[in-house]
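See the structures that follow.
One chain, chain A, appears in both complexes that follow, with chain B as partner in the first and chain C in the second.
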Partner chain A sequence: MRRYLAAYRVCLRIAVRQATTYRASFVLSSLIALAANLAFPLVTVLIYGSGAGFPGWTADEVLLIQAVFTLSTGLSGMVLGAVVWVTTLRVREGTLEVVLLKPLRPLPFIVLTTVQPESAGVGLGGAVLMGWAASRSVHGLTAAGVLAFLGLFVAGLCVMAGVALIMAATSFRWVGNARLPEIADSVHAFGRHPLRVFPGAVQGAVTFVVPVAMVGFYPASALLGREAAGMWPAAAMCVAFLAGGVWLYHRQIRNYQGVGG
Partner chain B sequence: MEPVIEVEGLSKSYVTYRRGKGLLRRERVTVTAVDDVSLTIGAGEICGMLGPNGAGKSTTIKMLCGALLPSAGTVRVLGYEPFRDRRRYVQEIGAVFGQKSQLVWDIAPIDSFAMNKAIYAVPDAQYRETLDELVTLLDVADKIQVPTRVLSLGERMKCEFIMAMLHRPKVVFLDEPTIGLDVIAKAAIRDFVRGMQARGTTFVLTTHDLEDVERLAEHVVIIGGGTKVFDGTLHDLRRSLGETRIVELTLARPAGGADLAGLGAAGLAVVGRRSELEVTIEADLRSLNPAELLATLSQRLEITDISIRELPMERVITEIYATNGR
Partner chain C sequence: MARQGMRGWTRGWAVLRAVSVVTYKEWAAYRTHSLVSAFVGPVYFVVQYFIWTAVYADAGTLHGLELTQMIRYFGAATLIGYLTMDFADWNLSMLVRTGRYLTFALRPVHHRSFAFAQKVGHRTLGFAFEFVPCLAIFVLLFRVDMRPAAIGWLVVTLALAFLMGFLVRYCLGLTSFWLVEAGGLQGVFALLSGLFSGALIPLVFFPHWLQVAQFFLPFQYMVYVPAMVFTGTYSLGSIAMSVPQVVGCQAGAVVVMYALSEVLYRAAMRRFTDAGS
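Then we have the complex of A and B:
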């Protein structure tokens, strides 16, 4: 573990050095990522401004869900944002050997070496938006509510990681699929709306099958004091999802074939 | 010599697809990249692995490195089973892939070295000592502080070697390490490998550059069509095509057709004529010993100079490739 932490410190320094090598690109990427992730909450403001909305949910409450979602996206993007495309690229180009030559588990190594500092802006934007939305929508916050939020928020990060790893694992067999990151993003997107806007089957699927409702909806609900059915079993499912993703990823390495030399 | 690499019946097959009839059809095919290869490499050896493109050299190396799971057979390197014991095993080995960089492109090599120091848990004092030594040996002191992307190919390859050697591996795999390098960079890399071998490091080298093999390897393995077609010393390799020698003659007067025809009758083959007075022949010393060869030549030709040498390596390899697995 000490080795992983030491490697993480060095890799973080390298990531910052890399990012600052192309300063303009770094700033631009950060701003674009932030703008893209905050555009959706803006649509919510416009919808509610026009008199429409999600039944049973105020604009501030929906914005809170979306702010939690944005914060999760920023944090997971920093740590795991590149895992899918880096794995896809390394499998397609036959450079995974470079990873497999290191005395670390391949997945942590890829995570260590692909930290994305530009996603910090998204996380920061999400945190600011969350603070603002929470100040307008959360009343009578309790310690239990905060703890529940934190637990569910971590579960949400687990499911995001799980989805990313399963997508990355498929690239060992589904070589060269450049759309995998987009598919992962589309799956996550179910978590940024109040759950009840979806049909029952979808609600069940995003709670217990691929529990992406945990990415935004459930943690925000806990903060709002709106306990939702299936919240905690879904959290357990998120952890199982992450464990499954890690197992599948490492299992699929056996199928790595390299490329012609 | 104590064996450090023992390979028995190693095979690797994979499934791929061949273009079929029609736009959307494709045919599933199983390709056997390596087929039943067995070999042993001793501690401190430099083993050159040769073979035409697609012969299975790189696949073999990747299995020896623990990067690919063999379909069949056993591999033991330094007592480890590479794929199964990968994390503990790779701590003991190094690798340089001529076409796959381990350096981080946008930052200085020194930062990549620091990353490997952390990953391999190299103690501070050992890291400083090894780095200073390698940087001096490869003469790149002023190169390791500038971004990798601005280095020349030769400088980059030297830094790749440092990256691979920082944790003091016992066995190093080199996959085409001199590809694309100029003669000076090649010489520096070869000197470095020789120097490391003198300290006990074992090297396995795949290359298309026969000079790499001639200058570095005592032990040569040739892979063709996925199978091992030769395993022995460089000396054995040269002898594998018999006792054929190249004889270059300079003549006092031009040789006539009858003179040259007479050579053919004596079992000698004329293989080249650079000028009227310069003739190259091939002689098989199993049918004509050196004394008989000289006598036969001097009977038929008026010779002013003669040189006898072994078959060039390219010729030996070309013939072996042609007869095995092409």
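Then we have the complex of A and C:
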């Protein structure tokens, strides 16, 4: 573990130095990534601005869900944002054996060496929006509410990581498909809105099968003091989901074939 | 003179056909990748369907759009994206950055025509592997009424949207002759295009001044106009137009964009230098 932490420290330092070398590119790509992630909150503002809305939810409450989702996207993007395309690229080019020969396990090695500081802007933007939306929608915040939020938020991060790993694992079978992240993005779309707008079957699927509702909806509900049924069993599912993603990734590495990198 | 013109058209058609067929074959090797759209498109559509069904629970119409019209709008917007998707900017930027543009500068074909033919080939594949499967899912599985209000005008507006998307992207690509690395500009454009093309939400939801501004920007002519022509009505910035009127506006915008691309292309060629490739 100490070896991994030392390696992570070095990789993080390299990533930050790279980012500061190309400062303009770093700032611009961070801003673009942030703005792209704020498109959904903008749609919410436009819907509520037209006098409509999601029944039972105020604009600030929906924005809180989307802010939590954006924060989670930023944090998971920093750590795992490049795993899918790096794996896809290495499998397509036949250079994964270079990773397999390293004195670290392949998945942690790829995670360590592909830190994406650009996603910090997304996380920061999400945090600011969350603070703003929470200040307008959260009344009577309790310590239990904060703890529940933190627990569910971590569970949501597990889901983001699990989805990324499943997509990366798929690239061992569906070789060279640069569009795999689009599949993940489309599934994430369910997690950006109040769960109750979807029918029961979809609610169940995005809570227990591919639990993307845990990324934004459940943590925000905890902050708002809205206990949602199935919250904690779903959180346990998220950990299982991540474990499944890790298992699948390692399992699919066995299918890799190369001729020397 | 007439014979010369005819010969030019015949040659142009032969080039278009040859390049588009080769591009089709090249990308057909990865045809299963296109099938990602058969999952992604319907998933996004389902999300939009439930969101708007909830939003319309307490409202009969929003900005003049009924729920069924809104669902048809999003179905059309998704399918239009598959017909008009473009990456001419990325291709041209890559050629300029790597110095490979030189080989095109030496060919007896205008690079814009070559790039356009590539798009025709690529989108023919998109038609077969993205548009048709998604249309089938929308109609057969989701039971969405995807019959256009006026098929003739829809074909015209789609052709214009196809051209507009290409010309805008090509102009973006041309900026690489000055910027070399135009990735930032392309990112900004993708963002603005995502917001103001109408793919995320119909433009009538934006503030009035932003709606009016769209008449002078290229974005609405790529998705919003064809999607509204599909539904049979058009209104933006408190200006309601008949379908022929708005398609006429779209045609005018395409002509302007073509002229801009020609001006930029000539300026880029004056600037272009290379040392062999």
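Here, the second predicted complex is superposed on the first by the 258 of 261 C-alpha atoms of A that agree within 3 Å, B and C clash if a C-alpha of one lies under 4 Å from a C-alpha of the other, contacts with A are read in each partner's own complex, and residues count from 1 in each chain.
Convention: a residue touches a chain if its C-beta (ideal position, glycine included) is under 8 Å from a C-beta of that chain, and two chains touch if they have at least 3 such contacts.
The shown structure was predicted, so the numbers you read here are calculated from the model rather than taken from an experiment.
Visitor: Would chain B and chain C fit next to each other on chain A once aligned, or clash?
Guide: In the arrangement built by aligning on chain A, the partners chain C and chain B fit side by side.
Visitor: By the touch definition at the top of the document, which applies to A:L46: first (chain B), second (chain C), both, or neither?
Guide: second
Visitor: Which of the two partners, first being chain B and second being chain C, lies in contact with A:L141: first, second, both, or neither?
Guide: In the superposition, A:L141 touches no partner, neither chain B nor chain C.
Visitor: Considering only the touch criterion stated at the top, classify A:V16 as touching first (chain B), second (chain C), both, or neither.
Guide: neither
Visitor: Check whether A:A243 is in contact with chain B, with chain C, with both or with neither, and answer first, second, both or neither.
Guide: Neither chain B nor chain C is touched by A:A243.
Visitor: Looking at chain B versus chain C in the superposed three-chain picture, what is their shortest Cα distance in Å?
Guide: Distance of closest C-alpha approach: 8 Å.
Visitor: In the complex, go through chain A and note every residue touching chain C.
Guide: Where chain A meets chain C, its residues are 24-25, 28-29, 32, 35-36, 39, 42-43, 46-47, 49-55, 174, 176-180, 182-183, 185-187, 189-190, 193-194, 196-199, 202.
Visitor: Which bits of chain A are touching chain B when the two form their complex?
Guide: So the residues of chain A touching chain B come out as 2-3, 6-7, 9-11, 13-14, 17-18, 21-22, 94-98, 100-105, 109, 113, 254, 256-258, 260-261.
Visitor: Would you mind writing out the residues of chain B in touch with chain A in their complex?
Guide: Chain B residues touching chain A: 14, 53-54, 57-59, 61-62, 65-69, 86-88, 90-91, 93, 95, 97, 100-102, 104, 106-107, 111-112, 114-115, 117-121, 147, 175-176, 206.
Visitor: Taking the touch rule as given, give the residues of chain C at its contact with chain A in the complex, in rising order.
Guide: Residue positions touching the partner: 30, 32-33, 36, 39-40, 43-44, 46-47, 50-51, 53-59, 62-63, 181, 183-184, 187-188, 190-191, 194-195, 200-201, 205-206.
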